[in-house]
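The two complexes that follow have chain A in common; it is paired with chain B in the first and with chain C in the second.
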Partner chain A sequence: MSQGNRGYSLSRRRFLRGTAVGGLAVASGAIAMPHVARAAAPVRVGIIHPVTGAVSYSGAQGRAGAMMAVDEINAAGGIKSLGGAMIDALLADAQSKADVGAAQIEKYNDAGVSAVVGGYASFICLATTQAAAKHGIPYVVDVGTDDRIVKAGLKNTFRFSPGYGVFVDTAIKALDQINTAAGRPAKTAVIVHEDSAFGTGTAKLLQKQLGSIAINVLEVMKHPTPNLDFNNIVLRIKAANPDLVIPANYYNEYVLLARTMLQQRVRPKAIYSVLGGAASQYKFVKDFPQAAAYIMDCNHWYNPHKEAALALRKRTEAKGLYFTYEVFLNYEAVMLLADALERAASTDRAKIIDALASSEWAGHFMPYGPTRFVGGQNTGARAVNLQVQDNDIRVILPPEFANAKPIFPMPA
Partner chain B sequence: MVEAAIIVPAILNGLTTGAVYALVALGLTLIYGVLHIINFAHGALLMVALYGVYFLYALAGIDPYLALPIMIPAMFALGYLLQRYVIGRAGHGKDENVMLVTLGLSIVIENLALYLWSSDTRTIETAYGFATVDLGVALIAVPKAVAFVGALAITAVLWALMRWTDLGKAIRALARERRGAQLVGIDVEHLYAVSFGIGIACLGAAACLLLPSYYASPHIGSAFVLIAFTIVVLGGMGSFIGALVGGLIIGVTESLGGLFLGESLGKIGVFLIFIAVLLFRPTGLFGQRV
Partner chain C sequence: MKSAAAIIVLLLALIPLPWLVRSDFWLNFAVLTLYYGFLGQSWNILGGYGGQYSFGHAAFFGTGAYTSAVLQLQLGFNPWLAVGLASVAGGVVAAIVGGLSFRYGLRGSYFALITLAFAEVLRILADSLGFTGAGVGLQVPLHPAVVNFQFAGKSGFYFTMLVLTALGLAVVWYIEHSRFGARLMAVRDNEDAAQALGVNVYRVKLGAIVVSGILMALGGVFYLQYFLYIDPEIAYGPAVSIAALLAPIVGGLGTMCGPLLGAAALQLLNEVSESAIGAAPGLNLVLYGAVLVLIIAFLPEGIAGVARLRIGLPRGRAA
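== the complex of A and B ==
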């Protein structure tokens, strides 16, 4: 009897204990444990962008592009070689500041990420790639066009898109080609650039190379980001009266510059930008069609003949976002990493670095040659020339990707 | 090399920009003069006003200039309620508390804007956006010319309000002697909120004048507010005339600085003035309270 009582009493206690543990598990969310235990552990990937501060628009666009790729990979069953491991994206905000970006990388290291994607602005990427290198974290740069990012000898850093060296070379050759075809009407230029790493570096290279195609640089004007007033710069452009105005700056400043030029009736033969912040942005074309018309730009772009690119554009626009280069470059950066994770079949940082270094990824929709990383730079990466025509952005060069012909000089 | 022919347009451009700076600074100086607090949320509230003007245009098709009679009372109401029910209450009468509350408010407002409206830059294109007034020596963009005239007119109205109305007298009395104002039957808390409301209403006006040539984004306020602080220090804390003259001086200094030293270094002149005023004339050019 007593035995039986004890037995009953014990089983009741067990029941109560079991219920309590179960309740706690539900309350703490651990109820999902059996499911997680069966599936492979997720791969932690840091997605860092400046989503607040001066370049926050670009950062937010970049984050959206990266997350579209992450969602797509996870929806398709995750990383197959890791037993269908999901990508667990840890989002961070670099606040448009290099030091904040570097500090976020330290947090990523503590959180045990396998890799990091993003950075966007060159000055942020310079800091974040170095911080990641300290811990051997593989880092895929999304945009960051400053070539010092891949020339610092960091083994962990990979950039799928081209740097400004490639942009300047491509832009100079294309400009010479366009100018020659029109009977060489452009002989002088003014360069307007923002004063951080990206603008300054691009301007220096341009200044050096424009002479080689017989274009004389009359003046180089720099400005900070943000810069609320472009009247002075435009007055100086007006006084210099160049054939070409070449801006290298971020979105807001590019728009203000183009608007002020229109207001002050400064109409050079062309506004020809290299990595122009707004020239290749649908938002600018839609908001200010008059200011954007005929602007030429050498920039990142997708292959307009690839279905996958057009489909991503549709999906992006369905989210109420503009299909900007930040979106598709981040999408591709995550896809490149996913391919490396598949081949590495490991979350080990060193193995992922090896997989990235040996990448021959061909599943992208960019107008690039074969993927091959040398010193962290994809040597297949290429820049294209674009022009705003009929309220749309068209590829004008190289011919194999073009869907329009250049209009130069721009009509009065 | 800067040609003489572009110095005049640069000065005119500085004056037009300076007038709008002055309008932003006017609100700041009024709030300081009466409440003796530095409103760190001033930039964030300017940003809210810019979004207000943007949405009135984008959703209801109301021209920014026609939005003035809507934005001024709306921002006044926002300012009144903030002072009466948030800043005043949370501050418990201590200046340091009030400062922290306004700082906190600015962070909350900016992040709320980021959450609600994203970091997307909002601009509007009006029929007159690219029109210019040809003065012979310079082309002044119509939105800038309107902003200049508008800012001067609003400053004059505000000055007249302070000088000749009972409300203005009461506010001035409160600014000089709180206890005395209380003793003659002035509702101090109400008047504090009214003063704060007027200061914020100035931002509503500034936003209507600014948006045709600038843009709205969650962080736009900070670009203006640092300049506005400098103007308040230069003009004299609490001085209306000081804010106007200071605004014009800072506008021209910034413009000429940008012309001669380049835009990156151009602002150095503004901050040199700031330091010089603090060193040699801490009360500012017109250093007396409202």
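== the complex of A and C ==
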């Protein structure tokens, strides 16, 4: 296994040791073996995720996805335009804290990384992208749905996946379509969201737009992350008796909310989430099939008709991991960067930024239109609607990517 | 006067660091060490010298950070002008928290819990109010320029922190050499006895918490300018309060250089544990926690206490 495939934690000791060994290798190569072709110097890429702390599950999944892409690229011969340079992944833990994430970027800068991938949570990405911008380090955001990440005018920041503005627009249109097709049984909703940037931002947009499709928001309930007890929130939902419950929170809280609703026998016409932390997670579907059944979600997803996506799912599951959006978005983020590296044919940060900005990458398996970055956002990125049916997660909208039809209202 | 000279020498010795350290990582390390040392110094004034252990210094930190952010983003203030108002806001919140707590005689764990509760109330308010950005927080746009209190390199932030550190040390030096400080330490050592001797306990404690709050708010302003983003959890969450109390406890409570020593030790420990453990997620934090427990268990007077015993440093009046 190559060094790049192993990845390693970024540390001063390793960095200095690596530099010294590298220096010796270069020197000895130049003196002793001037005519022997030497392997190209690896491309250092920072892979940063919150693998400890409040959102560690997602961070760990993201890291796994990114490393699968790194392994695959290296196994296929590395970056061809750089003479087969391996990707040397420098792993860092943001500890679910914005300032720790920003401090890791300083380490990356010292280590001479050519680019950074990851961040996961919006509050981390907001800090890390700005820190990277100060050094001109190209930064590919893996998930971070807060639209301010790409609206800050940072030239180094690129987000391949959509932000919550797109998610809310898509979710509202799809909900109207599903509701209309069923004879408009849903007239009221309750929004339950976590209280950080992601949940609050999503809830705000939803609240604004649900009125436009004749759905009255009865109440907006927020909770912290982590939150250990949803009994009170579910009692309030029960009292409000909405047709729809719309959660916007992370995995653990989503699971707990759905389980508590099941225990308290709160059965609205649908649980319809936007970026639902668990709604589109196989782990949730497997562990709590009853609570997960018929939940609809507007989320990141792969194109189920693409062989490459299904193959990656198999490989992920063979490693004992669930194929979550963190896995495939990070995989794709690294692949996008690899494409930019190929075209830039350089490890120079400015050249990589130019290559990312002009990217028309089509080698992905996402249900997206053509890749085109405007102000750092991929305008081809799209959200899809999913539903848990027969203990599986199916795409129900848009029709060109769907592999099932929506079931609404959910059966009693 | 010896201690003043030692402080001046220490600060002068730290001035050339940005020219000696070319690595941004190590400069960032120095900035964060000074920053956590400064937060610790702010807590040390009330907790170390006054014996009033607060678990909610985030209330002052967050108020400073949010005041500066709101003034800049909603009212178009220059960040340098916002510094003064933010520190005043921190002092006002400290006066309210201290006024209410000390007026009703809250001490020990009751005082600790009430400060924690105030910080939590402010977190919930910041989470709910529109002008604080609610849960999405506030982001200061990146426009590196001295006039914007944003520096292109780390040196500017380093010198800002050095000035704040000097301010913190000067305040503590004043406490150690003034009547106010003597009264504060008398309150810490035996509140009833101090009162019997005619010390206005309420006023002394209130003074200490206001000074502490002002410094903590300055720490909040620095955080905002350095990381350019705050949300309710970052500003008012328990992590800041813990960071503020950890440095003086590890370094030496009620000592002038304790918070700085503690911050340096904790930062080093953090780096060393991360280097030693490698990529295994969370194990570095376990090692960090274990060493922390050992420090607290075997060094009850902190690192400053060891330094005093080993190299015969004089025991400050405060300790």
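In this text, the second predicted complex is superposed on the first by the 375 of 412 C-alpha atoms of A that agree within 3 Å, B and C clash if a C-alpha of one lies under 4 Å from a C-alpha of the other, contacts with A are read in each partner's own complex, and residues count from 1 in each chain.
We adopt the following convention: a residue touches a chain if its C-beta (ideal position, glycine included) is under 8 Å from a C-beta of that chain, and two chains touch if they have at least 3 such contacts.
Keep in mind the model is a prediction, meaning the values are calculated, not measured.
When both complexes are overlaid on chain A, chain B and chain C end up clashing with each other.
When the two complexes are overlaid on their common chain A, residue A:L275 makes contact with neither chain B nor chain C. With both structures placed on the common chain, the touch criterion links A:L262 to chain B but leaves chain C unconnected. When the two structures are aligned on the shared chain, A:S56 is found in touch with chain B and with chain C. In the superposition on chain A, A:V217 makes contact with neither chain B nor chain C. Of the two partner chains, neither chain B nor chain C is touched by A:A69.
With both structures placed on the common chain, the touch criterion links A:D146 to chain C but leaves chain B unconnected. When the shared chain is aligned, no partner comes close enough to touch A:I87: not chain B, not chain C.
When the two complexes are overlaid on their common chain A, residue A:N227 makes contact with chain B while staying clear of chain C.
When the shared chain is aligned, chain C comes close enough to touch A:N109, but chain B does not. In the three-chain model built by superposing on chain A, chain C overlaps with chain B at stretch 92-100, while the rest of 92-100, 146-154 or 200-208 show no clash.
Where the contact sets of chain A with chain B and with chain C meet, they give residues 51-52, 56, 60, 195, 222.
Taken together, the chain A residues at the contact with chain C in this complex read 7-9, 11-14, 51-52, 56, 60, 91, 93, 95, 97-99, 102-103, 106-107, 109-110, 123, 126-127, 130-131, 133-135, 146, 148, 152-154, 193-197, 199-201, 204, 222.
Within the complex formed with chain A, the chain B residues making contact are 2-3, 5-6, 9-10, 13, 17, 114, 118-121, 123, 125, 129-132, 139, 141, 213-215, 217-220, 223-224, 254-255, 258-259, 262-264, 266-267. Against chain B, in their complex, chain A makes its touches with residues 51-54, 56-57, 59-60, 195, 221-224, 226-229, 231-233, 235-236, 238-239, 251-252, 255-256, 259-260, 262-265, 287-288, 290-291.
The part of chain C that touches chain A in the complex is made up of residues 23-26, 28, 32, 127, 134-137, 139, 141-142, 144, 152, 154, 223, 227-229, 231-234, 239, 271, 274-275, 277-279, 281-282, 284-285.
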